[in-house]
């Protein structure tokens, strides 16, 4: 990975407007702060376009949707597009209800996203209109592995072409791609799904990295995803060593992100670029 | 306690739909994940019945009520009843306002609950229409102890008869009963009330355990309550040993729940079955 | 500082009604509990005046505003004024949008506040109608330091005169003043802005301290601000010593507040009274 990607974040401290769910919002804010960004959460229609205007990127996370918030997402997204700010979509639980699918479809129609990040079930739901989501987690049958990686890459690239966005699919192997290039990232640990919010936090991290590196959105997204994976592994090591449980793991994960140097990232990453 | 109760959870990973407050929602999600369940939070009327349909149990927690959310609670509760899914009521702060009392009454009228869990003031409010709640905490004068245990048991059993639900009353002595049998659980520690959300988290744990053990709803509820009490004690021991404060205690509590074996539970439990 | 201030809190366990944002609400609740208060969060218009009536103080935090919540803030604030309960204003992100400014102006017009607490950009926005806020953080150019302290004090005292409230401005030097007296508090650490919610938590702490010391609202506010600064320093020391990151820092901060004795406060404080 290119060290400049991280240095740009550290120099610019991007300000991120998040319209997100109320379950993991605190983790998202703390994660953004941990990696040298600055978060502002605002979803009232009367202020969202102004808030978007003073920030450097927008995250739209559909984790706990409601009708009022959807209008704010649309308004903020359009404003961000107008200002050429990066917009990240995190389609949490897409596939879990007709309403989430309809909202996701509307968001994709009315807003140009810079990055779309989800687990495989969520991304499949967007790309293939399948509903295989198990609540907000990926369906086990869908998980990206060595056997289905080519198939997944093909549809991710196609989705990138259709949407114009970088596609990031999280799982045992994380896939980050645009229409031409792809990163296969084998970092991370299954325990990351034993705490809430790792996906939501990652969307915030991607927003920070892409905001500071607007011309390298693919590499910036891959950098963010890899960082999260490497942090997920070192947090797991610490959890085992300290003989503690999943709540400590959450703390260690954010800690690891707040302390990670470019050198640690490069030393720990297991990334294949195609 | 019966080991099978926990094994059923570990094998089934129940998916729990929570319509809950925004104060402790993150703790509830993390606690459900910590004990091998999977949470999904959704309260938009347009999706709640569908979300309830794809999950294994529903938690209704009235901690931060609003008029929109109440309609979602009713809709989800009715759907859960239709599908014979367990429904857990956590009447947080019942007695603190006329509105909470009216909503609680309406919920009890329109939804058949499987378990009703609250502190003694909340349960008394439901059972006897008394308003002795001190905010969201139990009134000290109400606390269950050796002196008033018979009286409490009598009204808990009566409430179980009236509602058809298992009744769980938390306090220095936790009471879990149906119309016939009762568990008196003397685990736990007063410090559990020095962090927010122990009650809300417990409702999530009960939902997971009852979802995986639908035919043993009384024992499953007692198992969940006992687990929380034993974890509360071991987290307190660790807090003292490490010379730390209440925020570490919260971490240790969820950690302890995520690591608890059936053997640890059985070794630490102080339970009297009547 | 006067030991009685803290003893009054420990004896009275004030109950605090918070109408606050959904980002840091869990931290606020845990912080209030950590320092021997008791929180209740409620923002539904149908219950806010009743909730205010049974509590000892009200916190109004505009972090994630919406139109419905604003009406609840006004109703609760008026009821608190009627009952002579302390009311704390935390104008999070004032200056970040026209809407936040309008709401802040309306709140100040319709409610008599006991304490107004913010970073320098937020307070300047209120006092001078300037919009220099960088999202929810203070603009670096505004930070209170030795060079501009006299200027800041002058306008803080003027704002106190205009509003009748104690003014608390947080930053490298914290300023707490009324029209006559002022405390300059040089405790704290810059890392406090690397986690979300330190400001929101402080508003909760002030509410607890002022509720228990209604006749010494200036000293109680200064006590609360100093406590937070001293805790911020000891948490930083522990973070460095343990070689951990920002999420552990959050835990250590609340831990330190939950364990702080009057003697520790007095030993660590760097306070100048003018």
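Order as written gives the chain letters A, B and C; numbering starts at 1 within each chain.
Basically, a residue touches a chain if its C-beta (ideal position, glycine included) is under 8 Å from a C-beta of that chain, and two chains touch if they have at least 3 such contacts.
This is a predicted model, so every value here is computed, not measured.
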>> Over half shared numbers or under half: where do the identical copies chain B and chain C land at their interface, same or different?
In response: different
> Just how much do you need to spin chain A so its Cα atoms sit on those of chain C, in degrees to the nearest 5?
Replying inline: 120
> CA centre of chain B versus CA centre of chain C: separation in Å?
Replying inline: 33
>> Touching at least two other chains at once: which residues of chain C meet that condition?
In response: 22, 26, 250-251
> Tell me, which parts of chain A touch chain C in their complex?
Replying inline: 15, 22, 25-26, 29-30, 33-34, 38-44, 46-47, 50-51, 54-55, 68, 250-259
> In their complex, what parts of chain A are in touch with chain B?
Replying inline: 21-24, 26-27, 63-67, 93, 96-100, 134-137, 193-197, 244-248, 250-251
